[in-house]
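Labels run A, B and C following the written order; every chain starts at residue 1.
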Amino acid sequence: MDLTYLLELSVNGALAGLMYSLVAMGIVLIYKSSSVPNLAQGSLVMLGAYIVLAFSNGLGAPMWMAIPLAMAFMFFAGMGIERLALRRLAGRPIVMILMMTLGLDIFLRAGAMTIWGGSGRPMRIGISDDPLFLGPLLLNRAYVVGAAVTLVLFAVFVLFFRTRRGVVLRAISDDYMASWSVGISVERGVALSWALASVVATTAGVLWGSIQSVDQSLSTLLLKGITVGVLGGLDSLGGAILAGILLGVLESVASGYLDKLLGGGSRDLVVAAVLILTIMIRPHGLFGRHDIERI
Amino acid sequence: MTATPTQVPDEAGDEVLTLNNVEVIYDRIALAIKGVSVQVPRGGMIALLGANGAGKSTMLKAVSGLLAAERGLVTRGEVCFMGEDIGGLAPQRRVKMGIVQVLEGRRVFEHLTPDENLVAASAIHGSRHDMARNRDMVYTYFPRLRERRAAAAGYLSGGEQQMLAIGRALMTQPKLLMLDEPSLGLAPFLVAEIFDIVRRINREEGLSVLLVEQNAVAALEVVSHGYLMDNGRIVMHDSAEAMKKNPDIQQFYLGGAEGRNFHDIKHYSRRKRWLS
Amino acid sequence: MLFRQAGIFHTDYAADRAMFPIPLDRWMVGVLLALGLAAPWVFSSLALTSYVMPWLIWAAAALGLNLILGWAGQFHFGYAAIMGIGAYTAVHGVRAGIPWEIAVVLGGLMATVVGIVFAFAALRVKGLYLALSTLALQFVMDWVISHVPAISGGVSATLQAPTLRLLGQQVTSEAGLYYVALGWCLFVTVFMLNLRRTALGRALVAVREKDFAAAVIGVQSFYYKLVAFATSSFIGGVSGAILVFTFYHAVTPEQFSVNVSIELLAMVIVGGLASIIGSYFGAAFILLLPGQINQLVAWTAKLMGADIGVETLAHIPQMVYGALIIGVLLVEPMGLGKLYANVRNYLLVWPFGYARK
């Protein structure tokens, strides 16, 4: 078939995939520190977007101010969620923890709909609709911006995990008991990871919101996010980046060709298939760690 | 109480740590230690000996505050650190006060390098200068660690991991260092090396040490006094010299069971428990 | 209402292991059963067909899910898909001229087969990964059902269910449909009550608590997990079929979408893991409470003269439903069934509270 078409699908897919990575990064941050698979991450993305709109449309703040304000708000919201809902369940069977995050997901989504209504709202962050050509390839400008932001954020996190506080977070994800034994406040670390994940979610909400408009469908990014997370390894940020690109390319190319055959909707099928296959073949994902076995 | 020390060295008034008649219950049902009283003199080095399941780790966790994480509770008695009752404090608070426990089985942060292990343990709000100084101190005591500072700690050898665990504890600038079975699974020469270093730290830094061991031979070489715990109670407290000579200790913990077969020993042990 | 243990002396093991060892339980069950039978005369037609009957069927389905989740401790995020398979199979079967009873059983069997295939694929992993793989399978099922016209019934994706014929007799009256639902629900309940007392039930609990420890004492954990998946899939399939024949009267893919799977999970969690009576509570809460609260909100708003938008009102039930899950998990993670058990245990020895162990 047409090579340019294939290339165009791949590149745009990779860019969109990096934006899935953004959702996955939030999931990874929380999973790394507390082994909680956060099924409410999609709703956090949605909530973040609504909060930005609340600051900009509701209170009239300009976008460049509304976004940081919303991030700060979500930082504390994430902490609050951990404190009020998750901490009590520490040590409980995983089914209850999963159910709690699902309950949060339902509650946040319906809560946002109750407050802001079901119709989509535009998020304007000043990305023009003009086509962007890379040689013969037509790129989606919004995806380019989103992918760039994701990579920057990833770099920030890589650096952060080298700082003292970052090292402490990694220590917590290694061993709770040992962390307590040297005076690390595990609770505070876990709360911080929720806060950071919520900030990342806000970023994702802004970017995805500007592409598709802000409504409850933003929360369905969860499926993509968790698939990317699992594929990359739920405790690996770098894995999330690579897996995002991989899934994005796969999804875009496969649906580019399959949709004509199957009559649409093959995107979700690809995602579900990747999720199942990953779990069957390599449940720890591409870069997830098995515990080190010393030789 | 039932715990009747045979001979208490009389240094009352200058203890870093005093346990008074402490009782610990796990899960609200399992009684693990039953009225334990132990004292660690300031700047001293004390051993707590006892077989598997005697309650040694439980006692340490009662001091470091890690019991809560295992659903254990101090139900009676008091734990005093430098004369202050620390019963209700969170582990972080106790570490800040100067109590640190090196967990059984080393428990280093496997995916972090030794360097990062040490950084993680230094108080977040402490100064960078302190951290660098403490790290240098650790590396001076444990030069082997410096050589391997950039490898993932999970790949260090058992001895190196134990050194790292101790070094990590030192980063918290403790006044009382509690070691839980540091000799576990290590070759005898390594045990001797590590114990020597701990002894040096004890002398040079003025750090009080509470050494929990099953390996009584090695432990009694480096401490001044020892406690013997059995079945949740302290059954003996004496100077290291006296303990080494004690026939009971020789019998059960120093491997000097000549002339008695296993059956006799078990029988004797049973009688001993009955008495205590 | 007093549960008393005093004066109850069991003289043989059979009495001790009876389904309801305490007379008051037996009385209560009797009364509930009588109420169940008399329901068509007790409740209004609306309450019967739109609340009581679906409640019973959902409770049966929740019991089926509870079998895997509560007893065997294995996740299933795709239970609605299993129910859907039962429903579609049965509807297609009846449309093809198979007698109703056989078609429904066929639906159950088809669900079992798919459930076992699910299980073979999914049971190689545990915990979160099992949850995610069943969730993914749910999506695949959704997709297959809605994208294959032969299954979903053409463009509009609605498939009319033929009338229910029990033993050749047409059942169309409200009471008749209700009794079919009641019968199925009772059947499942009795099965689950007995499961607790069998070797199978105990093996499942052993597998739940620690599968490799169970393996050490000779419980073949994979086999039992498979049995649990198969049994509960059968229950789910038949429940799905009965739901369509008595309640929906037509089958569409949305009736068995991922949201329904989550709703079922919520019923089990809110009701309480491994609690039979809890499954009834859970189904009732998840089905009824959100709507009731919504009416309450609307009513209060009207009373206070506040003006609440239609859109706002429309989303309140969902919010209540989410809050319900969160609230139950925070207050009593073992669910309403546990709360009931607490009250019952308290009354059993009242006023001698200290006699409890």
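The rule is simple: a residue touches a chain if its C-beta (ideal position, glycine included) is under 8 Å from a C-beta of that chain, and two chains touch if they have at least 3 such contacts.
Since we're looking at a predicted model, the values are computed, not measured.
Centroid distances built from C-alpha atoms place C farthest away from chain B.
Put simply, the chain closest to the centre of the protein, by Cα centroids, is A.
Per-chain CA centroids place chain B at a distance of 53 Å from chain C.
The distance from the centre of chain A to the centre of chain C, with each centre set as the mean of the Cα atoms, comes to 33 Å. Between chain A and chain B, the centres computed from C-alpha atoms are 44 Å apart. Chain contacts: chain A has no residue touching two or more partner chains.
Those residues of chain B whose C-beta lies close enough to touch chain A in the complex are 64-66, 69, 91-92, 94-96, 100-103, 107-112, 116-117, 119-124, 131, 152, 154-157, 168-169, 171-172.
For chain A in complex with chain C, the residues that touch the partner chain are 37, 85, 88-89, 92-96, 98-100, 102-111, 113-115, 117-118, 223, 226, 230, 234, 262-263, 265, 268-269, 271-273, 275-276, 279-280, 283. Remark: chain A residues 164-165, 167-168, 170-171, 173-185, 289, 291-292, 294-295 touch chain B in the complex. The part of chain C that touches chain A in the complex is made up of residues 69, 73, 75, 121, 124-125, 127-129, 131-133, 135-137, 139-140, 143, 147, 262, 265-266, 269, 273, 309, 311-312, 314-319, 321-326, 329-330, 333.
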